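In the two assemblies presented below, chain A is common to both, partnered first by chain B and then by chain C.
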Partner chain A sequence: MTDTTNDRTLPAYQLPHHPLRDLLTGSVASIAFTFIAVVAIGLLWVGPKFLSFGNVSIMGTFLIVPLIVGAFAGFALLAGVVDLSIGSIVGISAAVFAYLISHGWGVPGAAIVTLVMCLGIGGLNALAIVRFGADPIAATLGMLTALRGITWVLAGNQRMISAFDIDWFNLINMQVLGLPLFFLIAIGLTLLAALIVTKTRIGRHVQAVGGDDKAAGRAGIPVGRVRTAALMLSAFGGGLGGLVYVGQLGSAAGATGFGLEFQVYAALMIGGYSILRGGVGNPIGGALGLLVVAGVANILDLKAISPYYVNIIIGLLLLAAVLLDRLRGGDSYE
Partner chain B sequence: MSLAPAIETAPPAMPFKARLGGWGTAILLLSVWAALLIATGLYRPDFFAHQTLLAIAFTMAVVGVLAVGQGIIAISGGFIDLSQPAGLILSGLIAVRLSEAGLPLPLVVVGAVLTGMAWGALNAAIIVFAKLNPVIVTLATNFIGLAALYLIFQLAQVPNGSEIYHFGRTNILGLPAIWWPMLLIIVVTGFLMRSTRYGRRTTAVGGNRAAAKARGISLKAMRFGTFMAAGGFVGFAAVLFASAAGPFNPSSASTLQLNVIAAVILAGISLAGGRGNFWMLLLSVGFLSTIPTSLVFFGLSSDTQSIFQGVLLMIAVAIDGYRARRSPT
Partner chain C sequence: MFETRNTRALAIVALAVPALLGLTSLATAQDKFKLGMLVGGNTCCEWMKAQGDVARALAEKEGWDYVELSNNNDPAVALKNAQIMVQEGAKAVIQFNGQPSSNPAISAVMKAAGIPIVTYDIADPGMYFVGIDNLAAGIAGGEQLGMIIKDKWNCAPDLVISSEGAGAGIVNEWRTGGMRTGVKNICPDIPAEKFVSFEGSGDAAVALQPARDLLAANPNAVKMAVVGINDGGVLGLINAAEQLGRADQVIGWGQDGAFITGDNVNPHLAGSVFYFLEGYAVYAIRDVIKPIAEGKDVPLKADAGDPASKVQPCPVSAEQAKAVPDMAERVTQLLAAPAGTTAYDLFCPNKG
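On to the complex of A and B.
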């Protein structure tokens, strides 16, 4: 018998990890290249105007809510419990926040009540998914529908609640260095989330639970509690998104946040997350995915091309991204 | 053929408790549905009018046929087909164009069904050859399909006075003509899934694909078969939809999606695959289609409809998950 323990040389294709090489081959690499490609196409086709402060500022304003929502929803994806209800949570958060303000509440009180309600919604999602073992996609699809219904009812016959608070409006729309302040804050949040995911014990627990919940459970990680927390975080992010919308628009409509979940998840999947498999993806990749989608939409908009082509491109990018993920060793179906 | 007898012959008698479990869903659905009908009837006696029946039957028709397609996908382990809205609108558009060209109704139906099957084949091709999960593939194809459809048309409608137009406005035995094909499809599919080799194979693949593969069932062929069959049902549903819905745009079918998924889950067809009875769809689709009409009679705004549907769907999946967790398979 030969001693196999001495035979530990790695095959040629399996080089040891190195931070620089990981940048080129890791999960963020392909989305980073796509991002660079989109910027290059923008510069070549649209011209320097594409990266002007004015244009980036316009994109940034539209990206604030998706970036915040995506950073938080990413935790639920990582933990292996996709939360489809985020778009409706944004809607109901905006509606409740606007309703409270229009009924004489101050912004801080209204914001706290709204966010606590959103945490409760996340708790209900967790009750169905973690406690009863409901399928996350179907269960949160139900939550999506129910919350949208409540939002329509709250919005009433006018289909909107106007809630203009000058201080809140000024804060949300403040510009710093020619860019929206909250765009920078959203990017800061993304970096913070990335730090938590990659560098802390909590982040590793979330990834472990999403990667293999049985193994994580055997390793002593409280699987149910991690998933519950992730779903509550995801709902909390939706709540924050609603507050920002009210600041941006000065009102909440029955349709606020409608379809946002598909927009965000398509971008997050392009960025390396998976809605069916936990443990993969990274907040920075997700944010780059959102930037890519926004960049494509912006280029086509500046070139006055029908916005329907954006959806076609996003759909194709999505298929390419999941195919790439599978080729890189992701789960293949059957 | 050296296939295992378990798939080729009728299943052995089930234990009494399991049989009761199957009927449990039916009894539960029927009693909830009856309770809803009685409550609405007591509150507003005029609920039991022929007009109400027509409205409910109307809603049932399209959702019922779509639910059969969705059920075939789910029971065979393909999870969910999220591209049904795009497939429905595409087939509906073909139906409109064919009837504008003056083709008789049977040819219009054939054209729509073939279109639906082609759409299903496209989905299956991506799923099988790229080995990607159906949920993501159909999410993407729905996205792409609806956007492409918007580039082709904004509003379509079956021509006034054409055969398909009359089909959508005729009543047979007091019910809309479009209701009867739905009934026939659910009953026949339920029978085929139970009593034919192909039906049992489809269910077996969903229950345990590794075992089914080991017994010589080709998963690729199965995936193509189920998605094309489901696509055919989507195409037929499109005929019912186009005949009765009036003018429609590419987004018109998007609200149906949730009803269809809810109907499949409520009927006890597990999203995890391998379990379910198609006849139960009659009850779940009927119950779900009664809710909107019922709410109107209670004087609630139509906005409240989605609250009820959403809560109901959550409860149904929670029960489905709880059951799957408790059963050893």
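On to the complex of A and C.
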């Protein structure tokens, strides 16, 4: 019943705790400093407009879905099971939700059915990975492909399902204090996820399972159940993302959510998560990663710099995050 | 405690100093016409970038400000970009949105801000339509291919294969359906079961594998005609046939003219329908944007059947296409031509 992670020998260069050192080496330190740097560059280069309510509102609206999806997908990453199907879960959620609405269903009923379906998809992922021991990348890649195909079929010849519900549209696009309500909700969900991860027994169990599942099992943590719950949460987040997309766009398309998994995981990795080893990362870091990427893209947009440079900069940020992680000692600071 | 206070002070300075500096660098708002351009941003196609390059050059010629954003082929990004255009004070916007599910929302954003928006090729009720008549272009290309089928195989092909790009929605239906209709106009007795389709996503690389599968499933087909949503999709099947040693069994006719010029045109691509996509900004600026900039009232024409500006399709055989310069050269010549001259005027070898 010993936690073997405590048996690690500290590297010779590792120094005792110190508040300022902790600030510089904490799990979200790198991304927090990067975020401050991006805000500073934005203010210097773009001017006060960068932090104006209007501009933050535009970025916030765009970030609602990635933030929600990231907050929930982070649980799967922490539990050591990467879920590559999140983008296609967003797609099928949007398609099913839009399909039901376009066939006369009310928003609450359609939303419940859609979310239950997404939980089922997460359950299927868990069945393959936890019960049958499938490799998470292979299993969720298969799910990604299958769901994308179903979404295309649902979207029909027009490859689009119109589902404009004025009440849902107004709710999703509602502004509170000059910012999108659902952006604030997404931030709230992120903080709640961070609280669960860092302050609760459940969160510690998730991290333990991701860090070393054998040790966690020996410590009496139900590894299978934790991973099943994490995968179902991840799928639930994708489901919520799909509902929001339909509210924002008034429709769902065959391509909805296409590539979202890369956008979200790139940001989560910039924010301190790892897709290859569990137990590492913090939802606040992930959210800051998304904000950094969106901030950089926004600066380039507002400075009318060719959009073709955005991906280069995001790629370099990702490389810098990985290098910084190694320079800080990788897992050793966890 | 001291260090914590210092850290906070540093953070405040880090945020406040740039803010103050930023105040001094506030751009002086000039009452200058600003054109916004939302390019498609799909890495598949060189013409998407060229559309932005031409719009930028034409805007600069007019003395307008110009801002360009990429939709990254993503409906959510397209909506965000539309909101940025409003914030940036664009007086008019042009877009190519390959993911039109966001068009209604973009339309609503633009309408609320009172900004006219032109859409290329994919119509939306709230946007000025500038583009090709996709169905007419499809039929024109199909009829050209039909004549080849008639001459070569006496209207008795083993298969008429359609390389679909379902992601483009109704545009795909118009183009590929139009081409099938065009083939049938010339060869009306081809049985329905000879018409088969596969999903190639309008991309030669993506189309390769499903095209190989289709060819493998039809080993006895030796007279195959290929139509598609664009040249890339058609080329996907031709390339697959080459890999399987069956290239001589296929003959294709594309749409959009993207792969029918230059030194390396595939000999099995018999022709294509040029839209000269890179030059759409000439139509948009000449017929919509410039009159708006001059304060004229331009009635909203959003229907592809009654567009704000109609792009003429130009069906050409591979032989005729040899006289057409490649895209980079076309852009250069287009920008050097008198204002309002279209690429069709300059380059179409057989103007209708």
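By definition in this document, the second predicted complex is superposed on the first by the 309 of 334 C-alpha atoms of A that agree within 3 Å, B and C clash if a C-alpha of one lies under 4 Å from a C-alpha of the other, contacts with A are read in each partner's own complex, and residues count from 1 in each chain.
The rule we apply is simple: contacts are C-beta pairs under 8 Å (C-beta built on N, C-alpha and C of every residue); 3 or more make two chains touch, one makes a residue touch a chain.
Since the structure is predicted, the reported quantities are computational estimates derived from the model, not experimental observations.
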| item | value |
| --- | --- |
| Simultaneous placement of chain C and chain B on chain A, clash or fit | clash |
| Contacts of A:256 with chain B and chain C, given as first, second, both or neither | second |
| First (chain B), second (chain C), both or neither touched by A:319 | first |
| Touched partner set for A:148, first chain B, second chain C, both or neither | first |
| Partner chain(s) touched by A:50 [first = chain B, second = chain C, both, neither] | second |
| Partner chain in contact with A:108 - chain B first, chain C second, else both or neither | neither |
| Touched partner set for A:164, first chain B, second chain C, both or neither | second |
| Partner chain(s) touched by A:40 [first = chain B, second = chain C, both, neither] | second |
| Touching partner for A:62 - first (chain B), second (chain C), both, neither | second |
| Which of chain B and chain C A:220 touches, first, second, both or neither | neither |
| Residues on chain A lying within both footprints (that of chain B and that of chain C) | 152, 254, 306, 308, 310 |
| Sites on chain B touched by chain A in the complex | 80, 126-128, 130-137, 139-141, 143-144, 146-148, 150-151, 209, 219-220, 223, 258, 261-262, 265, 271-272, 301, 303-322, 324-325 |
| Contact footprint of chain A on chain C as seen in their complex | 3-4, 7, 11, 14-15, 18-19, 21-23, 25-27, 39, 41, 49, 66-70, 72-77, 79-81, 83-84, 87-88, 99-102, 104-105, 166-170, 172-173 |
| Parts of chain A lying in touch with chain C, wherever the complex brings them together | 19-20, 23, 36, 39-44, 46-51, 54-55, 58-59, 61-62, 65, 152, 157-160, 162, 164, 245, 248-256, 258-259, 298, 301-302, 304, 306-308, 310 |
| Complex interface listing, chain A residues touching chain B | 128-129, 132-135, 137-139, 141-150, 152-153, 254, 262, 266, 269, 275-276, 306, 308-312, 314-316, 318-319, 322-323, 326, 331-334 |
